[in-house]
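Shared chain: chain A. Partners: chain B in the first complex, chain C in the second.
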Partner chain A sequence: MLRFYFEVAGTAFRRQIVYRWANLAGLCTNIFFALIVSYIIIALYAVRPVVAGYDVHDTLRYTWMMQAILMVVLPFGFTDLMQTIRTGDVVTDLSKPCDFYLYWFSREMGKNVYYAIFRGLPTYLAGMVIFKLGVPLTWQSWLAFGLIPPFGATLGIAYRFLYNIVAFWIIEARAVVSFALTIAQFLTGSFIPLPLLPGWLQTIVNWLPFRGFMDLPVQVFLGKISGSLLWGAFGLQVGWLIILTCLVLWLVQVARQHVVVQGG
Partner chain B sequence: MTVIIDAQALQKNFRVAKRRPGIFGGLRSIVDPEVRIVSAVQDLSLQVQRGEMVGLVGPNGAGKSTTIKMLTGILTPSGGEIRVAGLTPIHQRRELSKRIGVVFGQRTQLWWDLPLLDSLQLLRHLYRVPEARHRENLKQLRVMLDLDEFIDTPVRQLSLGQRMRGDLAAALLHEPELLYLDEPTIGLDVVAKARIREFLLALNTQRSTTVLITTHDMDDIETLCPRILIIDHGRKLYDGAVKDIRTRFGGERTLIAVLDGSELARLAMLPSAEDGLATLPDLPAGVRLLKLDGPQIELGFGREALPAHELVAWLGARYTLRDVTFREPDIEDIIRRIYEKDLLLGDIGMPV
Partner chain C sequence: MWRNLWEDLQLYQHLLVIQIKAQLQYKANLSLDIISYLGITGLEFVALLLYFVPFRTLLGWHVGEVAMLAAVMSLSFGLSELIGAGIDNFSVLINRGEFDRVLLRPVSAFVQVIGNDFRLRRLGRITQGMLAFALALHFLPALHWTFFKLLVLGIGIISGTIIFLSIVLLGATLCFWTVETTEITNILTYGSREMLSYPLTIYHQVLQRFFLFIVPVAFASYVPVCYVLERPLPFGLPAELALASPIVALLFALVSGWIWTFGVRHYQSTGS
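Moving on, here comes the complex of A and B:
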């Protein structure tokens, strides 16, 4: 059965390739957005050379890396699952002889791999060329970086699944999507880097699952967090991953019951 | 013969929440919902033998899809018993789904953006079909459904008929013993419909796959299904052979006679009734004149009124005939009459 899920991921990857022009447009948007933010950052740093341990170079790296993994972890406009609920196609998916969540998970993972390669990599490369961002040179950085983003991506999938599955019970589910995305963009640090937030807010945010989406992977990449602090934060995110996954599985169960009794 | 579908006294009620208008109404509906029960299927019993091809017929909202969903294990019945291929659908859904194929006419299980072949390949892994068997099955289906011309085309670019053929292939790659089709010909043009019917007949004869098909296209039924079930308002109105429907509920047959040209003058002299239509003097009881057009006469007569040959003799005794043909009542009209009048409601327990 594992083979099936890999094939699903592969199929989702190929499906994404069909949209290469859309991807190119998206890539330009990412780069454009990162550029604007970069110039704002540079202007702000003219006033003060270091903020919360981040100099201008760190913050630029943070910004570009965030832009690079944004589509992997928190893609805008993921409403695929919601649409199948609305059209009723979900009923056929639920009755396939495979696990419903793993099926969607594999689809999203396939997409994530595509976005990592064709969106993330070129975005960061653009940043490297324009702002001489460079890459970290310690092997610990790379090791931790290899470990944590997959977790972030997995959290991201659980999260997007959650804000889609509400469509089973809520008619105005699109409002939930916008709300979920706005909250997440703020709390993951894609508007303002989390390390630059006021201390009391950071304490709260550090306990939330959103930090593991992107901020933690990026901090690891920058080498800004390491040692016991890193493993503590990582453990917390694994905990969140377990909680969110259980929540997803439970909701799938409830939704299935709903479909089976109420016909969706 | 063995029974593959056995459903006894199936029942399905849906609870539909009514929404009250306005914000306060909306809030009140959350606290104190006003629920209406829709009875989609009532006391429906059905037995299908292996290898049969059965049509489930009824107007929109009759409960056809609901029935199919219960037989697939997608919906729990509110009452009654189901066994499909020896399994209980709702409890053994996964096991069952490996043994049945399902196509919902307005849905697709194909990947919209990718070539048809990609979806078909993926299904091999879903059903864990060994590679050699998958290849053999795919080869057969490619021929039977003529998939080759579009198997490498993205599904979104396929015509509805092509997509339906793709969906049929997808539903059949794991060689199910039973195929459910919910309105498979909906929206297709005549040629595409004919092609799908041809395929289903071949499938039924070559692989002896059992087929349960819902439709409101009577041509589907007439070409495909020796046996039909007519349901309306969730109730079974008829279960039996298509050919018996005509003899039992067949309404009027029509005799079309072309008279010799020499009779035209006499026909012109016929007295007219108030509605302008000419009347034939002393028609036998139960026979009426439907149309008089030049030398052509159409007479409608009930099956029980008199045998067809007597009517021909009667007419032949009065006019010189050139040609005589009969037209059987349209099955669609009969069925429409059945649901309009709930003709058979009292008849349900009758053996057919």
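Moving on, here comes the complex of A and C:
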């Protein structure tokens, strides 16, 4: 059965490879946005050298790293699942002899791997060339980075699934999708780096699941969080992952039993 | 020509009225949509404000001044979204070969395209723009207002709307050849909106020139706002240039309109 899920992921990966030009255009967009934010940050840092332990170089790295993993963790316009619910095609997926969530999970993971390689890597490389970002040299940083972003991506998939599955109950759920994405982007530090937020807001944000999406992986990569602080934050996010996954599984169960599927 | 224009406007109005009536049928849904759109655009603006908690100024620009820039951007972008959302969906029209049908009708193709997807929920961003503007005024109590400044700002916002509409039209024209919408258009619309919500001078020279002289979005936002705030313009440009924003916008619109007509003439339908 495990092989089946790997196969699903592989197919999703290969399907993505076909869209070379779309990926190139998307890459340009990612780089452009990171560039704009970089200029804003450089200009802002003219008045003070360090904020909350982040100098201008750190914040630039943070920004480029964010842009690099954005498409992995919070891809725009993921409504694939929602579409199948709207058209009724979801029935075929539900009746496949595999777990409904794991099926979608594998598909999304396949896509994630694609985006990490063909979108994230070139984005960060562009930043490295333009702003001489460099990479951290400690092995701990790399080890942690190897573990925590896949975790963020897993959280991201559970979240994606959640805001799509509402389509079982709300037919016109596009507003929900854009709202869910914006909130998540804001609270994971995609609009403004979380370390720059005022203290009280950071305290709230640190307790929410969104931090684990991107902020935590990026902070780990930068080596800004380590030791017991890291383990605390990571443990909390593991808790959130369990909660979100259970919620997803429960909602699938409810949908399976009570929802009348749309036709045609 | 004027009669044609008049007929086009009547058709456009007719298309809008139908869609507004349809959307008003679902009042609860509509207000929810507008509010969530206001929330989304509001969060982006909140992020901009939050930058000014750790940093007092942005190269001499205070939070109120930057808020005014962002407000002008939101308003012109919001208006262009409200009016021209139909162009955004152009790739669908091309993809399904429905543009053939559009061309068969004895009325302007442009009006049919632009008028086919009018969404009242776009009022959300315009509301956000107005709130941002009110906040900017609150942060800038000492700002001296004259009738002329108001005029320049108003004309600037309208020029900005025209420029954004021309950009999406250019993006749509590209679909004649590429069939799919390319994300490159997003750089010019969403990207320039984000970029010019902050003072132009913080960016690289190339970017500054590009958005002043080639895709003149800055002409309709940065230049008028500088006039209102009595700030000098980059490259030693005279402040009076603020009055030229409608001319620049119309020129840009003419060029993109010409390219669009060229595209329509060379349109080859797609199968399936």
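In this text, the second predicted complex is superposed on the first by the 258 of 264 C-alpha atoms of A that agree within 3 Å, B and C clash if a C-alpha of one lies under 4 Å from a C-alpha of the other, contacts with A are read in each partner's own complex, and residues count from 1 in each chain.
We take it that a contact is a pair of C-beta atoms (placed from the backbone, for glycine too) under 8 Å apart; a residue touches a chain by one contact, two chains touch by 3 or more.
This is a predicted model, so every value here is computed, not measured.
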After the match on chain A, would you call chain B and chain C a fit or a clash?
fit
Using the touch criterion from the header, give the chain among chain B and chain C with more contacted residues in chain A.
C
According to the stated criteria, A:186 is in contact with first (chain B), second (chain C), both, or neither; which is it?
second
Once the shared chain is lined up, is A:137 touching chain B (first), chain C (second), both, or neither of them?
neither
For A:95, is the partner it touches chain B (first), chain C (second), both, or none of the two (neither)?
first
Of the two partner chains, chain B (first) and chain C (second), which one does A:26 touch, if any: first, second, both, or neither?
second
Tell me the contact category for A:3 with respect to chain B and chain C: first, second, both or neither.
first
Have a look at where A:18 lands relative to chain B and chain C in the superposition and call it first, second, both or neither.
first
Once the shared chain is lined up, is A:129 touching chain B (first), chain C (second), both, or neither of them?
neither
Lowest inter-chain C-alpha distance for chain C and chain B in the superposed arrangement, angstrom:
5
Quick check on the output: what are the common chain A residues between the chain B footprint and the chain C footprint?
none
Which chain A residues qualify as touching chain B in the complex?
1, 3-4, 7-8, 11, 14-15, 18-19, 87-89, 91-92, 94-98, 259-263
Report the residues of chain C in contact with chain A in the complex, numbered from low to high.
29, 32-33, 36-37, 39-40, 43-44, 46-47, 50-51, 53-59, 121, 180, 182-184, 186-187, 191, 194-195, 198-199, 202-204, 207
Can you check the complex and tell me which residues of chain A touch chain C?
21-22, 25-26, 28-29, 32-33, 36, 39-40, 42-48, 51-52, 172, 175-176, 178-179, 182-183, 186, 191-192, 196-198, 201
Can you list the chain B residues touching chain A in their complex?
14-15, 66, 69, 72-76, 90, 93-95, 97-98, 102, 104, 107-109, 111, 113-114, 118, 121-122, 125-128, 154
